Amino acid sequence: MPIIVWQLAFFVGPVLFMVAMSFFLVKNYRMTEAFEFVNWAKMFSKGYFWSSYWHTVWIATISTLCAMCLAFPAAFALAFKASENTRRWAIFFLIIPFFTSYLVRTFSWFVILSESGVVNAILGTVGLGPYTMLNTHIGTLVGYMTLTLPLVVILQTVTMANIDRTLIEAARNLGCKPLAVIWRVILPLSKAGFIIAAVFCFILSFGDFVAPFYLGGSQEPTLPILILDTTKSGQQWPRAAVIAVVMMATLFTLAFTAIAIAYRKRSTS
Amino acid sequence: MTKPAKSKSSLLTNRRDFLRVGGGAILAAPFINKVHAAPVEINMLAWYGHGEPDVVAEFEAANNVKFVPKYYAGGDNMLALIAQSPPGTYDIILSDGEFVQQLNAAGYIEELEPADYPFDDMLHPDFQQFPGHWSDGKLHSVILRGGHLGVSYNKNAITAEEAQSYACFWKPEIKGKVGHFDWHLPNLGMISLFEGNAADLWNLDDAAWGAVQDKTMSLREQIGGFFDYGGTFNSLKNGEMQAMCGIGDWITGTLERDGAPVASVIPKEGGIQFTESYCIGKNSEKADIVKKFMQYMLSPAGQVKSAQMAAYPGFCVTKGGRAALIEADPKEAMRSHQMDGMANEPIALINEGRIHYRDIPTQQSLEDWNDFWSEYKNA
Amino acid sequence: MKKDGLLNVVLGGYVVLVFLFIFAPIFFSIVFSFNSQRFPTIPLGEFSTEWYVKILDDPDILEAALNSLIVSFSTAILATLLGFCTAYSDFRYNFRFKGPYLALILLPPTIPLIIMALAMLAWFSKIGISGQLWSIVFAHSVLTAPFAMAIIRLRLNQMDPDLESAAWNLGGTEWATMRHVIFPFCKPAIISAMCLTAAVSFDEFAVSWFVSGLNKTIPVVILEIVQGNIDPQVNAIGTFVFLISITLVVLAQVFFIGRQHKKSSS
Amino acid sequence: MTKNLVVFDKIHKSFGNFVAVEEMNFDIKEGEFIAIMGPSGCGKTTTLRMLAGLDAPSSGEILINDQVMNDVKPHERDTPLVWQSLALFPFLTARENVEFGLKMRGVEKAERKKRALNWLDKLGILEFQDRDISTLSGGQKQRVALARSLVMEPKMLLLDEPLSALDAHLVIRMQSVLTQLQKELGITFVYVTHSQSEAFAMADRVVIMSKGEIAQIGSPRDIYREPANQFVAEFVGRNNILSGTVESVEHNRAKLNTPSGDFFVEVKAGQLTERDSASFVISADLVHLSAGEPDSKNTVACQLISEEFVGSMVTLFLENASGHEFKVQMQERELSKLELDLAKPIWLSWSECSAHVLGC
């Protein structure tokens, strides 16, 4: 099958080569093929690597929680309150951001969020601020939301719109209060879709370097920034590969666990 | 070894790094060649901005040539690009002063005829005999311009007096408003100067290096962010950052022209200089016209163009150039202190020994400096 | 009942807020692109088309635009072809290791782009194909094929499996059947897939930036302007990119969702 | 006898562990209308698909016109099929659908159009030629599907439950359309169905299949009156089946002891001997009813359980003392003539020549 060859050449090849590269050595600014654990030992012994790692996990988790919570009411409204047609248009509009340059949008936030920017200008008219938002975690999170929120809203909306309405009516009919319907009927039925949305949100936040760099000011660099820093300093590609492999291992573990939970059949107890 | 455009590269560099790693990679002959037709094309390898119309348009029109610029983002990036292209690809190369030696050693550049260039007119003797530009009495490169790095600050937050020392970065009022240009060399170089290492700023023994690290760490809680070229620009302009460590006039100068209340000065502890020089690519078939261009750029008119360059400013190296600038654009001349007898006049600063040409650490490896920088960012 | 009405208003308002958040950066980037200030602040400067004039005058940007078009067009064709073949083999055949086979195609989006970029540049350099426009095309085709696969697979799901047998039965060879039955049936999905993969490729910057060598594409130019000589050209380019992408998305929408809608309503 | 068009020679087909068709041997004659019938999963569709080359036999040979077809690709065969799902191409118009096969065979455009229009006309759907398939009604689609196959002018047409998606009244219409077409064209129809009424109404011969095996082949009358075994007897419907042990056999006449009583049946010489277990079947329409015990053999007293009216026909479901269920079918008019008191016991009787002994 030519497809397999193609994917092997241009997908598996790069990934495996990167893993191999994490064992290479750098001598006199040139990479030499080798099989040594020095890069691993070096990265794992560095305090900044681990603090970056936990910081990245932490901020990607916060980002995921934010996106899931911010998206839910909107997705709920689109799924249950809006007409079929409105929903179609809403999803269409939510797709648009994926096809506008993320960089340009980030640059735009740069201006909007700055101390002389739009948000502070508006707050200023009611006597508030100015607040510092750039170069803080707020800036980073705004960037992550720019990247992930449309996707999460789409996934949540589609998931909930696919719920069989009669199940909800049945629950109401059996005396379930509205909030309890959400908790006991809608969320369990949407579990798989929501978990996938959360996983994608986490992956995107975990791997994005633009938001933490441009909006977060690299304050506590995340792993993607560390990768870039490592590559530009002294040809340390093998160490960048170590970071990348650790990131991939983290994401794969997370994704497989999440998918296992999402599609776990209830045991017959 | 601080240099504006290099700094601007920050993120950019890794692409180039890899191009070098993949030694065998063949770079397609510049695709752009097919786009333009008629005039003679001159392939230029340079820092960003040097092939832009504001610099070259006049020369192009007068000589029916067309510059096809390829911009690099660091000295080793430049070397990699040349190495990966067929010989003769680049007709003119704009190099960092200290990389000329390596270009020459690798045989990438042609020998020059000293009589073709106005060496008598140079503002400083160092510019006539710049390290590495000559070897065995043969000339390989001519200096075009330079720039100094020091304290860059917002005039509303820091007074001119305070800016006279790197100590102003520690000013309590600007906590969280000090930015770093995200590259360890200029930053650590400045701290080294602040530590009083002066001419030995790159040559630190363990104790001095430890002291530099401690001093740097003490700055950490003042810091509001780490920026590349664009981020540095933006955060100084919009007031997010009130002072910036690791840059100089090449950024604030551009902002000043745009009306921002920012400035750069060389503090009493001293500053760092970047230098840019022209070379003719080996086996270039257009050496004659390139020579003409270099003569043009070193002529008073060309020096004015260089000083006014939109991407980032640099000071004139010839007396004629400076005189022409003062006449043509006194405002820019004034702004960049390029008038004899002005405070912080660049040549005077060099003569006073307050400026140090850039270099790399001699007792530590670059890797040590890098690792420390990563730790610092994560602290 | 009244409480429900209030709830609807609140929810409706919330949806509007979410959309405001999502569209604010797009909106302001268009506004800034017509603003005379080099570093936009509030209040805005004067209306100006300076940045548009600048990008249209800049041969580098035009060259990058041409590169982008070549890359996204080639990517669209390759990725859609890959996506189609995978979708079809998944639809049609059952074989051992089908799981791993599909994973091979579908996994790339789960790996952060920066890692893919790193890995691809390393690998491409190793095998000697880095730094060319084609390198970007190869990389993008791998990254976007899953989207094409998903769209086409959904379409194939709607196909009566007898259709193919019917064509053979009427004297169509395998190839004729592919050409006269499977392709026409999947045509709306194929066009959507091409539009979407083209749009994704047109906007992707991390991998392009790493593997492109000197052949910059538009997003790489944007990245370099944001990193380097920052100015509102970025917004002007962004506005153009926005228009092009929107056109592609609308086309995809019209061909795929629109088609289905028509079918279901008739 | 006309010559064999198709020969199935020891055909066996399995999908993995599942055996779809178990060693099958039968012939299809030129110009006959043959129906293959059986419950779902009996292998009838697989048989048809093997004929069309869509499935390959695991072993054995299929011959068409004395030529072994096992390795002939579907598109090289002249065996158009009418699909249960119709499998019309949704992206083509009615006429383009009909032209499809001709296009595949490289017939040139004008000729293609001419022949397609001819068939659309013959089937009465000429006016819909440029319509999208999705805008046609079920019956119209059916005709397009037929035209699409017949335009190929095949020697043999395969039909896979083509009427199963239609409304009842349309089914009857299409049945007559199909039989007429078949007579007119004189080609072989191989018709797969699970519906007894369709098969019996149209076919010259019926093949009954069960679990991958042929249970019986014969004319509809043979199958109805003389089912070869219990499966066929049950499958074709309204039959009463009684099983028991042979007590004695005299002059082609056997006496059976069953839980419902002793009964006499006609047998062929040597068909049964004493102490054999045997079953026999009496069609529901051959059973007589009477209020009092009739003066004959082969009688059973029953209690009525329920009645079912279909048009003018009525089926009575009755049960005797030992709990065996009997079905009796007659014209409603005749039933009312009998003036039975349905609350009282009713006597069933039949002549011994109408009982048919099943093979084992």
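Letters A, B, C and D name the chains as they come in the text, with residue numbers starting at 1 for each one.
Please note the rule applied: a residue touches a chain if its C-beta (ideal position, glycine included) is under 8 Å from a C-beta of that chain, and two chains touch if they have at least 3 such contacts.
Keep in mind it's a predicted model, so treat the numbers as computed, not measured.
Visitor: So which chain ends up closest to the centre of the protein, judged by Cα positions averaged per chain?
Guide: Centroid comparison flags C as closest.
Visitor: Report the chain whose CA-based centre is farthest from the CA-based centre of chain C.
Guide: D
Visitor: Based only on mean CA positions, could you tell me how far chain C sits from chain D in angstrom?
Guide: Taking the mean C-alpha position of each chain, the two centres sit 55 Å apart.
Visitor: Give, as an integer number of Å, the spacing between the C-alpha centres of chain D and chain B.
Guide: Using C-alpha averages as centres, the distance is 92 Å.
Visitor: When the centre of a chain is set as the mean of its C-alpha atoms, what distance in Å lies between chain A and chain D?
Guide: Chain centres of chain A and chain D, defined by C-alpha means, are spaced 61 Å apart.
Visitor: Using Cα averages as centroids, what's the distance between chain B and chain C in whole Å?
Guide: Once rounded, the distance between the two centres reads 38 Å.
Visitor: For chain B, jot down the residues that touch at least 2 other chains.
Guide: 9-11, 14, 18, 21, 23, 228, 231, 234, 238
Visitor: Among all residues of chain A, which ones touch two or more of the remaining chains?
Guide: Within chain A, the residues that touch at least two other chains are 111, 114, 116-117, 214, 228, 231, 237.
Visitor: What are the residues of chain C that contact at least two other chains?
Guide: As it turns out, chain C has residues touching two or more other chains at 41, 122, 124, 126, 223, 226, 230.
Visitor: Which pairs of chains touch each other?
Guide: Listed in label order, the chain pairs in contact are A-B, A-C, B-C, C-D.
Visitor: In the complex, go through chain C and note every residue touching chain D.
Guide: Residues of chain C touching chain D: 160, 162-163, 165-174, 176-177, 180-181, 184-185, 187, 263, 266.
Visitor: Give the list of chain A residues in touch with chain B in this complex.
Guide: On the chain A side, the touching residues are 29-31, 46-48, 51-52, 55, 110-111, 114-117, 132, 134-135, 213-214, 216-221, 226, 228-237.
Visitor: Please name which positions on chain B make contact with chain A in the complex.
Guide: 9-11, 13-14, 17-18, 20-21, 23, 76, 176, 179, 182, 184, 223-228, 231, 234-235, 238-240, 366-367, 370-371, 373-375, 377-378
Visitor: What residues on chain B touch chain C, complex-wise?
Guide: It comes out as residues 8-12, 14-15, 18-19, 21-28, 30-32, 35-36, 48-49, 53, 69-70, 81, 84, 228-231, 233-234, 237-238, 255, 258, 260, 311.
Visitor: Given the complex with chain B, which residues does chain C contribute to the contact?
Guide: Against chain B, chain C makes touches at 38-39, 41, 57, 59-60, 62-63, 66-67, 121-122, 124-126, 128-133, 209-210, 212-215, 223-230.
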